[in-house]
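A short write-up of the structure that comes next.
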Amino acid sequence: MSTFGSFFRVTTYGESHCKSVGCIVDGVPPGLDITEADIQPQLTRRRPGQSKLSTPRNEKDRVFIQSGTEYGKTLGTSIGMLVANEDQRPKDYSETDLYPRPSHADFTYLKKYGTKASSGGGRSSARETIGRVAAGAIADKFLEKANGVEIVAFTSQIGQVKMNRDVQDPKFIEILNTITRDEVDAAGPVRCPDSEAAPKMVEEIEKYRDSKDSIGGVVTCVIRNCPIGLGEPVFDKLEALLAHAMLSIPASKGFEIGSGFEGVQIPGSKHNDPFYLEEETGRFRTKTNNSGGIQGGISNGENIYFSVAFKSAATISQEQPTAQYNGSKGVLAAKGRHDPAVTPRAIPIVEAMASIVIADTLLMQKSREYTQTLFNKE
Amino acid sequence: MSTFGSFFRVTTYGESHCKSVGCIVDGVPPGLDITEADIQPQLTRRRPGQSKLSTPRNEKDRVFIQSGTEYGKTLGTSIGMLVANEDQRPKDYSETDLYPRPSHADFTYLKKYGTKASSGGGRSSARETIGRVAAGAIADKFLEKANGVEIVAFTSQIGQVKMNRDVQDPKFIEILNTITRDEVDAAGPVRCPDSEAAPKMVEEIEKYRDSKDSIGGVVTCVIRNCPIGLGEPVFDKLEALLAHAMLSIPASKGFEIGSGFEGVQIPGSKHNDPFYLEEETGRFRTKTNNSGGIQGGISNGENIYFSVAFKSAATISQEQPTAQYNGSKGVLAAKGRHDPAVTPRAIPIVEAMASIVIADTLLMQKSREYTQTLFNKE
Amino acid sequence: MSTFGSFFRVTTYGESHCKSVGCIVDGVPPGLDITEADIQPQLTRRRPGQSKLSTPRNEKDRVFIQSGTEYGKTLGTSIGMLVANEDQRPKDYSETDLYPRPSHADFTYLKKYGTKASSGGGRSSARETIGRVAAGAIADKFLEKANGVEIVAFTSQIGQVKMNRDVQDPKFIEILNTITRDEVDAAGPVRCPDSEAAPKMVEEIEKYRDSKDSIGGVVTCVIRNCPIGLGEPVFDKLEALLAHAMLSIPASKGFEIGSGFEGVQIPGSKHNDPFYLEEETGRFRTKTNNSGGIQGGISNGENIYFSVAFKSAATISQEQPTAQYNGSKGVLAAKGRHDPAVTPRAIPIVEAMASIVIADTLLMQKSREYTQTLFNKE
Amino acid sequence: MSTFGSFFRVTTYGESHCKSVGCIVDGVPPGLDITEADIQPQLTRRRPGQSKLSTPRNEKDRVFIQSGTEYGKTLGTSIGMLVANEDQRPKDYSETDLYPRPSHADFTYLKKYGTKASSGGGRSSARETIGRVAAGAIADKFLEKANGVEIVAFTSQIGQVKMNRDVQDPKFIEILNTITRDEVDAAGPVRCPDSEAAPKMVEEIEKYRDSKDSIGGVVTCVIRNCPIGLGEPVFDKLEALLAHAMLSIPASKGFEIGSGFEGVQIPGSKHNDPFYLEEETGRFRTKTNNSGGIQGGISNGENIYFSVAFKSAATISQEQPTAQYNGSKGVLAAKGRHDPAVTPRAIPIVEAMASIVIADTLLMQKSREYTQTLFNKE
């Protein structure tokens, strides 16, 4: 279904060529300052056509709040938002319409719904993510105001070019500790804050662009100042909710928290994060952070960081031998130019989904702390 | 919360030293043959103490169905199940009780709940997974009867020893196509079906066991004969639900579907899975399966396969310098012997969670297909 | 929260003076013919200003589908719909703004959200129901196409004037068996199909209108051709879901199914509905229908009928002594003319909520029947 | 499904003749004192065989907590509870097994699940309510400790004998303000606190008992000291959740809040509840309470009171002409003695469900108040 979250809850609608795409955000606390100006920047960061590396289509994507705020403050009631689709005609795909596009959703939608998917990819269209990003911007504002939470994502790999994301590496740790969204954008079109890796990533993308091909990548995200105690012990561990959120993003193929897949090679004696009391702050902290800020499914106050793998975009203008719906063999080539690397554009979407998860679990935990205080008085 | 699933829904209870652990499984279709004999085998596979490699504690873990079946058939109503805890006394942890164990849930539970976690780890205890495995066994039986679905997990990495899980490799593909649970168990104590890698994995574990340390690993799981059309387009993509399920398993640190993290290096022209009509069966299939059986969030009928990373066990008998709850420095060493590699025991848990996800999405999809047929008649 | 339903799920947004009110309907089966023309009629029936008896404000309430359909057919994905608000300025309530209006939501919203409710009543405004009615119209179409289900509500009481709703009375039974929405509208402004009671109800309303007062009423609703087997045994009994749905309608104060409150006086020997085999149809039926079409929480194939009590409208132009927010005593009188009886306008809302409940439970049950057939083959 | 509540969540299992009945209660705040001694009293009040008026079967119904508490305090994790069934053999119903019992769930279960309902009524058995009552007792304790909430239900009607429940009547108001559970039990076997009506109710029940018949009744319930602000504006209005909860109780046929069905006859000028400032307490209150403590779906701090109609018990030992499953006509008579009036036994169940609803909405609201305070500081 098209709903995510329990306490802070987002429901989205819309596909490529319908009237609009949008969402309803429910559970937003009252009294929060919110106008379109808080939401538009992340939508703009999500837009295609922002650099020479990405597709030149120019979507405007202006968001309009429909409800749930008055005089620039949230009322506590559900917030409707929408972004008009500029091209609302179901497209004429003529010849290419004979083919289920390889590694797209055309075939599976047809089988699932018994009707050919909406032209342009239906709900699997990247435009679907607009509703998420709009909702995430509200979550961002709430978390920042309520707890000073900061959520920043960046590109850490394009194809074979990786920046160092070794959890013991001081440079990587420094980036996690300090990187801002502005710095990510200032780092250039691939949005990679590692100044050595970034230009190589650009080259990698250009190589595939020039051969009418595409290439995948990895986005890493850090959540700073996350309150302690978020996440639920069993099925709704914080990393499980984050994994759910991230794998729901189009084209994502993997998720890892903290030391992740590489971490399985580190023995317990080194992987365990020993505790210490930070004298200057009085905070109980861990010396290392292989756990990625979550232990037993619950945030421990350290930086939460995780990575998300994105596959090479399925739409390429190269010719691909494949089969038509009727089974006959043929060759398909997408018309026009296509984005050779969607990873950099996934960054605001990763941030949005992370923000929604943290807002949701924060509200849940707050209902508990009240009684906790109460009963401990006795 | 302790509930997972919407239409096939599991709710669990229990920690290490309470009376029993168990679950309620709701939404199980009526008329299915189910007795304890269908459930016990997976619980037994989950038990510690099954080989020289794992901890020698001998838990009995006999399951008793409380409700929801009559004369060996499901009634369609909720099924209660429980497994008694043999040691029900909250343990005396004396000295070690002064310490939040590094990379355990002790500290986060204390902060979340405002009360020291139940001795033995509370809900973060591995005994919590008993309810999941029992529920998964029912899902297994349902899926096998209804659609011939087969779900098999195996160890594909221990520490630095990896078996080949390259999605283009014929040997790996063959394993995905044919491996059975019996073969996995017959492959030896690490449950790795690669006869070259398996003995090296044993050595790897023994090395860490002998140094009172622990080591992590990776479990790979395949779902065969999954019906086409499972999963929802946006937030509840099939891989998102699987990721949620897997990252909810204790000690898991990562999830990848199909080509996963390695796949980001494969250009679109090679990563896309071209279609063809399989003449002998009339099935519309893909030549390669980088997608891992899911496209646009929806199963496409090919094998679904994914991998899950498990960190090195946090409990080691080596001495660890760390801090006490009161902030003073000290050295902690777990008493007794501890499992140096929990990965092989995670296998039935991975299978159980996969099975629950598939059962849940199958029931959801079935409600759709009914009307689909109906409206298409017009 | 603003979401209702599990399989057929409606989420709404909007208050009196925001940009628009609307909803997202998720889980609508694919392939169903739906355009605005299917939805507008119920929205029009809901509008104020349709007769001399009701308030003369003339809202237009034109609905626009935003997504989820293509070429007039549903895609199976979420359907966004919106209706613009014509008056989008937060109103100037000057003096009356000093008062929490008695038996309105002003006071409780203030306490719940810590901020004065949106002018015009916030989410407690009757405009909130537009989203429900739009969603209900889609459910109507689905149910009619899929199972020939008919849902018709009508006014059965205004103030002290009751039409006979004795479940043993042949005239009442006849109405339940045959009444249509067109006949209800044709019956005059109070929408009561009892030609004796209807004119007396008009008089009753006029009496209160002339004294600047208001009066309550009862709406009775029948669901015909409801498939057998809908509803869940324990918490989600069909009557429980209907009660939830009905008591969520603004101004409703009570719900009763079948024989209801009067039925408690009928001894079991008369209240029980004996079975018989209807020879001409082969259907197993009940001779009487005190149960109201539901037994053990599950529909039995007979007419489902229930009644909903609506209180006198809280907004009256008479002067009311009450207190200001600051505690000082005063007298409040609503400006302008106000609807003396909202009951007749509640009819399409009652129908909409009933339709959503039946669509939701039907989809749920359909997922079960598939396996039922399967396992019974053995 | 068998789950109720979102944040305070109850899942139940069990039918008449299985091993045990029980529940899992999730979301219970940590640090609350809970042992079996807190839960048993309400289970005992629920038991049949407590007076000459009810059936003499003597069920023991001893509850055992399985998990979620340690040293008599809740851990914050899910609480498993169970009550053994003493008679676990599926019964031999021989002849009567040929008949679907009129106004029972036999027929609808058969059609819903495609398999004959478990002997003894499956999940429609009154034993199903044990899990609810156990969960409700925990909610009671939480609410009492956290906010001094008191929830008391009593019989207000048996057949044609009604006690005055006019919301303007001082005697009724006095009962709502002061009645305790102990006083209700002390009032005699029908549990009616009106000393005039109570003996007549006994006579009414005896009359039907002597004719092997049964009779229905009404339970009224009051919730005192409910915090202001509980309930959600649109679909989850507090009265909607209560109605859902009450109509999910076996044999219930109606629900009304505050002035209810009678209230529709009261004009707005009298029905509206004017506000005043209570000088001695500084509380903003209403002079009358036709609203029943809820306005706009949200609690206003006044007493919440509502009534629930229960039909005459369907099981009677009189002969009933009806049809067998195979359609042939016959006469059915229940063997043994049967409870002629289940209404008095419904009282702890009504209290339990009310308590669960209030606990659930309280936890939800508490998450909001935190941020409310925060943002208002600005």
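Labels A, B, C and D are assigned to the chains in the order they are written; within every chain, residues are numbered from 1.
Here is the rule we use: a residue touches a chain if its C-beta (ideal position, glycine included) is under 8 Å from a C-beta of that chain, and two chains touch if they have at least 3 such contacts.
Here the structure is a predicted model, which means the values were calculated and not measured.
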{"item": "Longest centre-to-centre distance from chain B, chain (CA-based)", "value": "C"}
{"item": "Pair joined by the larger number of C-beta contacts - C-D, B-D", "value": "C-D"}
{"item": "CA centroid of chain C to CA centroid of chain D, Å", "value": "25"}
{"item": "Gap in Å, rounded to a whole number, between the CA centres of chain D and chain B", "value": "39"}
{"item": "For chain D, residues that touch 2 or more chains besides their own", "value": "1-3, 12, 30-31, 76-78, 112-115, 122-123, 233-234, 365, 368-369, 372, 376"}
{"item": "Chain D - residues contacting chain C, complex", "value": "1-4, 12, 100, 102-105, 107-109, 111-115, 121-124, 128, 157, 159-160, 208, 211, 213-218, 228-229, 232-237, 239-248, 250, 252-261, 263-269, 271-277, 284, 286, 290-292, 294-301, 309-316, 318, 320-323, 327-329, 365, 368-369, 372-373, 376"}
{"item": "Chain A residues touching chain D - in the complex, by the definition given at the top", "value": "6-7, 29-32, 76-78, 142, 145-146, 233-234, 363-364, 366-372, 374-376"}
{"item": "Sites on chain D touched by chain B in the complex", "value": "1-3, 9, 11-15, 17-24, 26-27, 30-31, 64-71, 73, 75-80, 82, 90, 112-115, 117-119, 122-123"}
